[in-house]
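Each of the next two complexes has subunit A plus one other chain: subunit B in the first, subunit C in the second.
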Partner chain A sequence: MELSNVFLFVGLPYAALVIFLIGTIQRYRNKGFKVSSLSSQFLEGRALFWGTVPFHFGILVLFFGHLSAFLLPGPTLMWNANPTRLITLEITAFAFGLSTLVGLTALFVRRLTNVRIKMVTTKMDIFLELLLLVQVVFGLWVAVGYRWGSSWFAADLAPYLWSLFKANPDITAVGAMPWPIKVHIVGAWLLIGIFPYTRLVHFLVAPLHYITRPYQRVMWNWDRKAIRDPRTPWSAMRPKNN
Partner chain B sequence: MTKHNLVHGRLLALAALTMACALSAPANAATGEENFAKICGACHSIGGGKLVGPDLAGVTTRRTEDWLLKFIKSPKAMIDAGDATAVALFKEFNLVMPDATQYNDAEIKDIVAYLATKSGVAAAATPPPPPKEASPAEIARGQNLFQGLERLKNGGPACNSCHHVKNDAVIGGGVLAKELTTVFSTMGTPGINAILGKPPFPVMAAAYAEHPLTDDESAALVGFLQDADKKHELQQPRDYGFRLVWSGAAALVPLMGLYSLIWRKRKVRPVNDKVFDRQVKGGDDVAQ
Partner chain C sequence: MDIRAQTAVVFHLDKCIGCHTCSVACKNIWTDRKGAEYQWWNNVETKPGTGYPGKWEDQSIYNGGWVKDANGRIQLKGAGKKKGLLNIFHNPSMPTVEDYYEPFTYNYLNLIEAPPGNDQPTARPVSLITGEPMDVKMGPNWDDDLSGTPDYARNDPNLAALTPAERSAMFQLERMAFFYLPRICNHCLNPACVASCPSGAIYKRGEDGVVLINQKVCRAWRMCVTACPYKKSYYNWHTGKSEKCILCYPRMEAGYAPACMHSCVGRIRYIGVILYDADKIEAVASAEPKDLVARQLDLMMDPFDDKVIAAAKANGIADSTIKAAQNSPSFKFIKQWGMALPLHPEFRTLPMLWYVPPLLPVMASVTQTDGAQKDKLNPIAKTWTDNWLYDTSTEELWGTVEQARFPLKYLASLFAAGETGEVSLRLKKLMAVRIYRRWKTVGDIPEAKMTKALKETGLTQESAEAIFYLTALAKFNDRFVIPAAHREQAMEMLEFTGDVKGSTGFGFREKPERGM
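This part shows the complex of A and B:
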């Protein structure tokens, strides 16, 4: 068993999970208000739509796809037992992968070119988006170049992940995988490891109740044009940003 | 010498002794036997005749230990270097044994030590019988097992998850592992059966460790692979990778349409866009 494999597929995962757990709690306790993704819709909305919507739809489908193959490897193999279902699943997952790539590229370009967005961008945002791009590109590569991933993930990688959670790591299969698959796995552990120090934390505080919440209607009880008119007499403080 | 130095010196001596013992540890034939069954047994017999590779009865009398160690470590390197015996073996069996990269020197030495204990066994004199033809029912069952239409009894993944076979009757496409179109010609019934029973490849071994194939499933699969090998030249090649990319790209178009449809009432500009524009005009925006 090679030492590098032990480091990448046993040491790194445990380190990443510990950092994820402790780092997230620490960030929430110390800077609770910064557990967010710092929305930039306020600054720019047109390009954001074609980035964020394809990205988020894609990544959510892919995330839950990977998660379900890990949690339910048996039913996944049962679904794939029919070749038509297998190919439908693979094409659907690939389309959502492309959706993620298109969206992420649009978001990355927007972040690098829009002046307003640049003002609120940190180095970690750039690093994270680059890492996600690498991860998505390798994911698509693995999907095409090492078909059929949904089946062999359930047969080989789900037992590997379970072995980690059962504290009895077995890396014989994962250590013998081709290198692009290894890069994709290592990328995933890195993402989990840096999670608490990035905008990814918003994933844990997603306002799911907004989906079922009724509309909030914002009412302006005065005439905005009249307020901006210098001739309108002021009874209180005049707003400075208007 | 102070007491501290004395203890330190003794510890060093003990460490050196332990290392020396570890380096010169005698090869363990018992461990070698276990590893032989696990790693080599799929393709080699000892006195049972040729399988995928040669019968290894008495191999330690025919070759030196050094040669065996080097060959097991990397047969390909030996063939590339032009070693006469290695090249002759390659020509005879028309197949390169996989490199033993995942096994360390001690494990290989154990296997050679086990082979040495079997140096007196005579190689099988008669060649194995020619493969029998599979029945149509076996071939049909093999097709269904290969592509998953009939699930493997113990819940293992269907073969096409990782393997491709050029055969119009099945959906192939798996590329994680070797293409199996002509595997029957190279390995024959005993070789394929041995691999299905005890996979020597780590990825396959892990996938079937908890879900072994039954004997009748292996027989049906061998039948299908024999049939696929026989008529592979008459089958249409299919490029699944190319199709996957284009189908995915085609599915992306309605997906984008769907996003647009769901948010057709979206505000295209941010609510404060006019405020920003006024500030830019007034020279408030520091970055522009």
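This part shows the complex of A and C:
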């Protein structure tokens, strides 16, 4: 039991993080062309709407919720000190969890039943969507069955995660968790581990820089002001478009 | 003044015979691949008709192009920073495969491999997406030559500009007409596709104005498909990347004409450089609808003007490019002679593919009559009055432009944001050149009438002759004036030779730097 805990909560996390880091960099550099959200809206648009919108908004809120409880456990606990705020937070999180579940189920059904979508579905897509489904179902179960997760996550799990990043793993708290929570944690590490080899990579290239850039983009191969200047024969102006 | 060079294209619609050779040339070179089967970077539509994808001109469906907001500033209609990022998970105005057509092939192998049986084996159509047998219901030129049909011609979005009476008159059997509209990407000066791309994968090349999608940076956010009002950015469902016409830049860099233009049987296509003032782009794109055509012409600068040449040189434009601009057939048709019009200028992308509007179906006016001749003919034969189709008396001609077979409003909705004056001026010029040539070669038109026709349209005998030459006799090198291939620069548009400059030759991927 002790050994399996070490494997699941120390070995797996480190392996997952290493694969995530090296895999992402390696994949982006060698197979950059494949980094795409691989949208299938062109082949089917209507059913997609009922899946992708609730799923994406749901999972984004859940992701940043987990992240902030991990990064800022103190403020999270402080917020939760007031029962009204705690309940508001929990209900909101649960609502977004349900939205994720509904969306993901719709996406999964669409993927399995639409002939055209099947043509652009890989085995990895199926595996990933199943894993995500398990993850979301267990997340919802934990939220209902082991109440006030935002508080105990900040109190018990955030220190565990920090201990991993400080290279001094402390798994006493995790080891004592009930099994559905353990499944949810292991699922999370698995997701991080397979991340670079799935379509999830599009999360890393979310186009936030669009907000600040000017609308039009014109690219010159040469610096057009310097091209006729005899003083610049040896300066290497790297063109931006390759 | 910020002078830039743009490769501008002119299609002479009077000369298009609708043979689709251009489409096939492009398809064979660029889009004969999985995921791109349905993409026709070059397609030829019959007008009036719904086109490809169906009703692409109707921006109440597709939300493409730019619109002016309350403050008079232009905004993307269906994309942009706010709308684009909010709708990134599901893009409500994106066309799906049904709006184009489901690509198909035929199971030819069955003709050879079918086991012996009582029935003749057939080659069933199969979907190129799923591989399953399918019923073909739509294709890229499904409305070919189908003027007057309820499903296609009568659903043409441009008919909205006409009254119901004008519409039904247009489709009377005797008056029915159509013309072809070949379309490629317009390589716009204010491209909506570039502005809409959240990843910044789409860019306009400074050197020649070609609009390209960097395939490595495209992440399938699909906003360009919505934003391009001409629906000339296509989503490749297999690779998960958007693609579009590349103006055959590898051919142009080597000095060849783009494939669709090179192969054009009717020789309707002209390509050349135009120098324009980039400082004016935003103002011109925000102009009032009635001024759009005129303001776009203002943007194009005279390549013989010394100030323009100096400004062009200051911006690093090569002498050969300036020379090409002075010799450009596009400049002549568009600006010097004022004979071409942009397709749907009201989309405000400032397209750089201009069309010489079609004259013949417009001028043709047909009436039935009971001439003496009729008695000699079979009773079901139709006879025509003398003064129809190729009427050569100028009074009649000017009279008929307005009562043409196609209402001018129809052409104006296509090419001039509704300004019929812009269209009739160009049609009259086309006719004036014909009158001039008829006077010269046949001689049955009085000189006074010829002179009047030229004067009214602002042409001279010399310019009429030049227009005639470029329209009817132009050789390959007159139609395609592509600046001398700057081979050294051309290569660098793809690969940076500076990486290997100063090394022992090509082949190093790493700088030959001194060791530690």
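Points worth noting:
One rule holds in what follows: the second predicted complex is superposed on the first by the 207 of 242 C-alpha atoms of A that agree within 3 Å, B and C clash if a C-alpha of one lies under 4 Å from a C-alpha of the other, contacts with A are read in each partner's own complex, and residues count from 1 in each chain.
We take it that contacts are C-beta pairs under 8 Å (C-beta built on N, C-alpha and C of every residue); 3 or more make two chains touch, one makes a residue touch a chain.
Since the structure is predicted, the reported quantities are computational estimates derived from the model, not experimental observations.
Looking at the shared chain after the overlay, A:Gln41 reaches both subunit B and subunit C.
Look at A:Gly32: by the touch rule set out above, it reaches subunit C but stays clear of subunit B. In the superposed model, A:Leu21 lies in contact with neither subunit B nor subunit C. Of the two partner chains placed by superposition, subunit B and subunit C are both touched by A:Val53. When both complexes are overlaid on chain A, the residue A:Met119 reaches subunit B and subunit C alike.
Within the superposed three-chain model, A:His202 lies in touch with subunit C and out of touch with subunit B [touch as defined at top]. Residue contacts after overlaying the shared chain place A:Tyr210 against subunit C, while subunit B stays out of touching range. When the two structures are aligned on the shared chain, A:Met219 is found in touch with subunit C, with no touch to subunit B.
According to the touch criterion, the shared surface of subunit A, contacted by subunit B in one complex and subunit C in the other, consists of residues 41-45, 49, 53, 57, 115-116, 118-119, 241-242. The touching residues of subunit A, counted against subunit B in their complex, run 1-2, 41-46, 49, 53-54, 57, 74, 77-78, 80-83, 86-87, 90-92, 94-99, 102, 115-116, 118-119, 143-148, 151-152, 154-156, 159-160, 170, 172-173, 175-178, 241-242. On the side of subunit A, the complex with subunit C involves touching residues 32-33, 35-45, 48-49, 52-53, 55-57, 115-116, 118-120, 202, 205, 207, 209-211, 213, 215-228, 234, 236-239, 241-242. Put simply, subunit C touches subunit A in their complex at residues 4, 76, 80-81, 84-85, 88-92, 94-97, 129-132, 190-191, 194-195, 197-200, 202-207, 214-216, 218-222, 225, 235, 237-241, 313-317, 489, 492-496, 498-499, 501-502. The part of subunit B that touches subunit A in the complex is made up of residues 102, 147-149, 151, 155-158, 160-162, 170-171, 173-176, 201-203, 205-207, 209-210, 240-241, 244-245, 247-249, 251-252, 255-256, 259, 263, 266-273, 275-276, 279, 285, 287-288.
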